[in-house]
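Just below is one structure, and these are the notes that go with it.
Order of writing sets the labels: A, B, C and D. Residues in every chain begin at 1.
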Amino acid sequence: MDKIKVKETIAKRVALEMKDGDLVNLGIGLPTMVANFIPENIHITLQSENGFVGLGPAPAQGKEDKDLINAGAQHVTILPGGAFFDSLTSFAIIRGGHLDATVLGALQVDEKGNLANWMIPGKMVPGMGGAMDLVTGAKKVIVAMVHTAKGTPKILKECNLPLTAAGKVDLIVTEMGVMKVTDKGLLLTELNSEFSVEEIQKATDAKLIISEDLREMRSN
Amino acid sequence: MDKIKVKETIAKRVALEMKDGDLVNLGIGLPTMVANFIPENIHITLQSENGFVGLGPAPAQGKEDKDLINAGAQHVTILPGGAFFDSLTSFAIIRGGHLDATVLGALQVDEKGNLANWMIPGKMVPGMGGAMDLVTGAKKVIVAMVHTAKGTPKILKECNLPLTAAGKVDLIVTEMGVMKVTDKGLLLTELNSEFSVEEIQKATDAKLIISEDLREMRSN
Amino acid sequence: MSKIISKEEFTDKIKDGMTIMIGGFLGNGTPETLIDVIVEKGVKDLTIIANDTAFVEKGIGKLIVNKQVKKVITSHIGTNKETGRQLNAGELEVVLAPQGTLAEQVRAGGAGLGGILTPTGLGTIVEENKQKIVVDGKEYLLETPLRADVALIAGTKVDKLGNAFHTKSTRNFNPLMASAADLVVVEAEEIVEVGEIDPDVVMTLGIFVDFIVRSETNG
Amino acid sequence: MSKIISKEEFTDKIKDGMTIMIGGFLGNGTPETLIDVIVEKGVKDLTIIANDTAFVEKGIGKLIVNKQVKKVITSHIGTNKETGRQLNAGELEVVLAPQGTLAEQVRAGGAGLGGILTPTGLGTIVEENKQKIVVDGKEYLLETPLRADVALIAGTKVDKLGNAFHTKSTRNFNPLMASAADLVVVEAEEIVEVGEIDPDVVMTLGIFVDFIVRSETNG
């Protein structure tokens, strides 16, 4: 799969997790692509942690509003029925359990549902931004990412980078498959037919539990 | 002095404590009257704890707005430059030290600056409403009240009713005089010329320290 | 799926023993129609969380007079003599909280906080049975979150998604309570189309609101 | 007494070593003109409290690039590579806080709270050196208030008393920071007469604002 196909595969599968009426926060990058693949009969509301709900698509070129950006500093729009608020209210929504789901990328994620996505000590320290609150507060935490970092597993028995939150991840979606975080470990519930169980296990440091109902990775 | 004169004497004297630019909360009843006596060259802004600054006078009859009351459920107005907010912000202002002064009545006040004004156990329990926050948060706490309860002292060595706040009162203004709460006790700084030092002390349970600069109680 | 429901549909949602937050300050910005429905239905043993118990014939006061309330968490009951009578007669449990503390507790419940530290109430009976915590050499009381089964709020102008604008002094506890309950019903003085309220001036977020009932009172 | 001052008068208020809160989110809703004045004056050893350090050529980023900052308390520095460089070189102290925690800390500073209890950061390095408090069987981190000598905020429309309206996503930290500093200066895109902003839509209260400076940037 080429890079674009990989990302689309992941975004399409994550989109299927959305239920009608959900309030959702999508992280910068790949997670943002999820919005493009929401089924037509499903209406979700997107939250932008810099201060609004009703996040809409990018404006047409030349129609950018200098006073309206998303959390990635991109010019965006607000849909009818949306509302603006301050950062305090934004994180009351996030921390208070009002988000049905949050979708983020990861540097590492492990079989206990631990997530690391905000720093590599001594190398790269972007900061956690809103990620710690999002992962702590959202009802469902979905990690959407490429399965490995150029071959190096990112899905581990135990994260060794500083955590974003402990034990909060519910679901991991990669181009290879879908893994659910359970008390017993990571349950592989869907597998992309381009890969074998052996291949996905090889690309994964944690031991995968193979679901008895293992099915082909869905895209619609 | 008749009742109206007593109240006016107190309200006029309290008004002299206000400085230009002050943000002030006036309690229900007598304290509200202070607004009528603010010197012309002094501009203060009044806060209403139910949710606005810029509290104005009562509207003309027939001009009442059902959506605009003060904390005593009376119809009022808002002055230009005022602003409405929710109860959270209202008490952030109050608790956060943004009020220059608060003026309240008391059931009892004592020489340590303790105030009791919200309940008489077994008899009357109106509740503290916003009083505890006001007394805790305002930069200056002024008790404005009739000196005694029908002859029974209200200014005590020690309050025996449940406290509104401990050690927060700065100044006590009654129709008899003005008393400052100091580390050493209550300092009588001004005396209404209609009363003698003996009379005010007799009406007061706490021992008054008579200021070396004791002056006549001011009214303008 | 419209959020607008009838009074009858609203009736079905209120059950004996529920904990209900009700917006308003001395009856200003209070959902009078919703309260009337509850009075009519006559559900019992309610726990009410509200700034005050308003007046005998207005707002939350009507629920007290009708003896539907077993417990009230509030900052002030002095304007409703029936609340005081029931308290003294042992018929009603009253938990009094400083108004600013009550606002913080409701917000904490809606914002996922475990509590807040306030200096208000130190040295008074409010501190009884509460944890004291020292920060930077100063003592504070730990006040814990409040949540409810239902929040009933009043909106001046409400769009069909539940985004509400509260005019003047009617805002008070309404936006806070909308964030802190499992079910949120807004009584709308005026219902408008989605998009008719400027997104900059929405005060209660539609994302918090489950149902909208048209107000039948006016003032 | 007008609150409107010139850039020159503003310059005099900023001194070496001050702690300054600056509103904005990645440069959106940031007082660019005030920042430019500080860059020009060249004061040193500032502690900056802000959501992020924006970009090398925009917002707070300019103060970092000009090496005027000794410490920054923020949630994100990833968009400004110079912040990361100075951090790794030991030239700049960076205290990272979760964005929601940072907002609560600023608000606590302005609202007279001793702190708030949040679940965010539990089980991560954010919990280091912090008190853990159990409420109702759940663990929380105690996060303490932040205050500043000066808060610099940006307003879309500001009346002469300092009441400010912040449009769209420019609101972010601005109203919070205005409550939590000894001196508050708002940079106004447009200055209007008192009364021209509807009291229902004032977002930053004029009672918090000491001075108004006219913005010279646009976008």
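In this section, a contact is a pair of C-beta atoms (placed from the backbone, for glycine too) under 8 Å apart; a residue touches a chain by one contact, two chains touch by 3 or more.
Bear in mind the structure is a predicted one, so any value in this text is a computation, not a measurement.
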| item | value |
| --- | --- |
| Graph separation of subunit A and subunit B (steps between touching chains) | 2 |
| Selected pair, greater C-beta contact count between B-C and A-C | B-C |
| Where subunit A and subunit C are represented by their mean Cα positions, the distance between them in whole Å | 35 |
| Euclidean distance of C-alpha centroids - subunit C vs subunit D, Å | 32 |
| Geometric centre distance via CA averages, subunit D-subunit A, whole Å | 29 |
| Subunit D, residues touching no fewer than two other chains | 104, 107, 112-113, 118-119, 167-168, 199-200 |
| Junction residues of subunit A, two or more chains touched | 52, 78, 84-85, 91-92, 95, 136-137 |
| Chain contact graph, described as a line, ring, star, complete graph or other shape | other |
| Touching chain combinations (by label order) | A-C, A-D, B-C, B-D, C-D |
| Complex contact set, residues of subunit B against subunit C | 48-52, 65-73, 78, 84-88, 90-92, 94-95, 114, 122, 124-133, 136-137, 162-167 |
| Subunit A contact footprint on subunit C (complex, rising order) | 1, 107, 110-113, 159, 161, 163, 179, 194-195, 199-200, 202, 205-208 |
| List of subunit D residues in touch with subunit A within their complex | 25-29, 51-52, 55, 74-79, 84, 87-88, 94, 96, 98-101, 103-104, 107, 118-126, 156, 167-176, 203, 218-219 |
| Residues on subunit D engaged by subunit C in the complex (per definition of touch) | 104, 108, 112-119, 131, 133, 135-136, 138, 140, 142, 144-145, 165, 167-168, 199-201 |
| Residues on subunit A engaged by subunit C in the complex (per definition of touch) | 21, 23, 45, 52-54, 78, 80-85, 89, 91-93, 95-98, 136-137 |
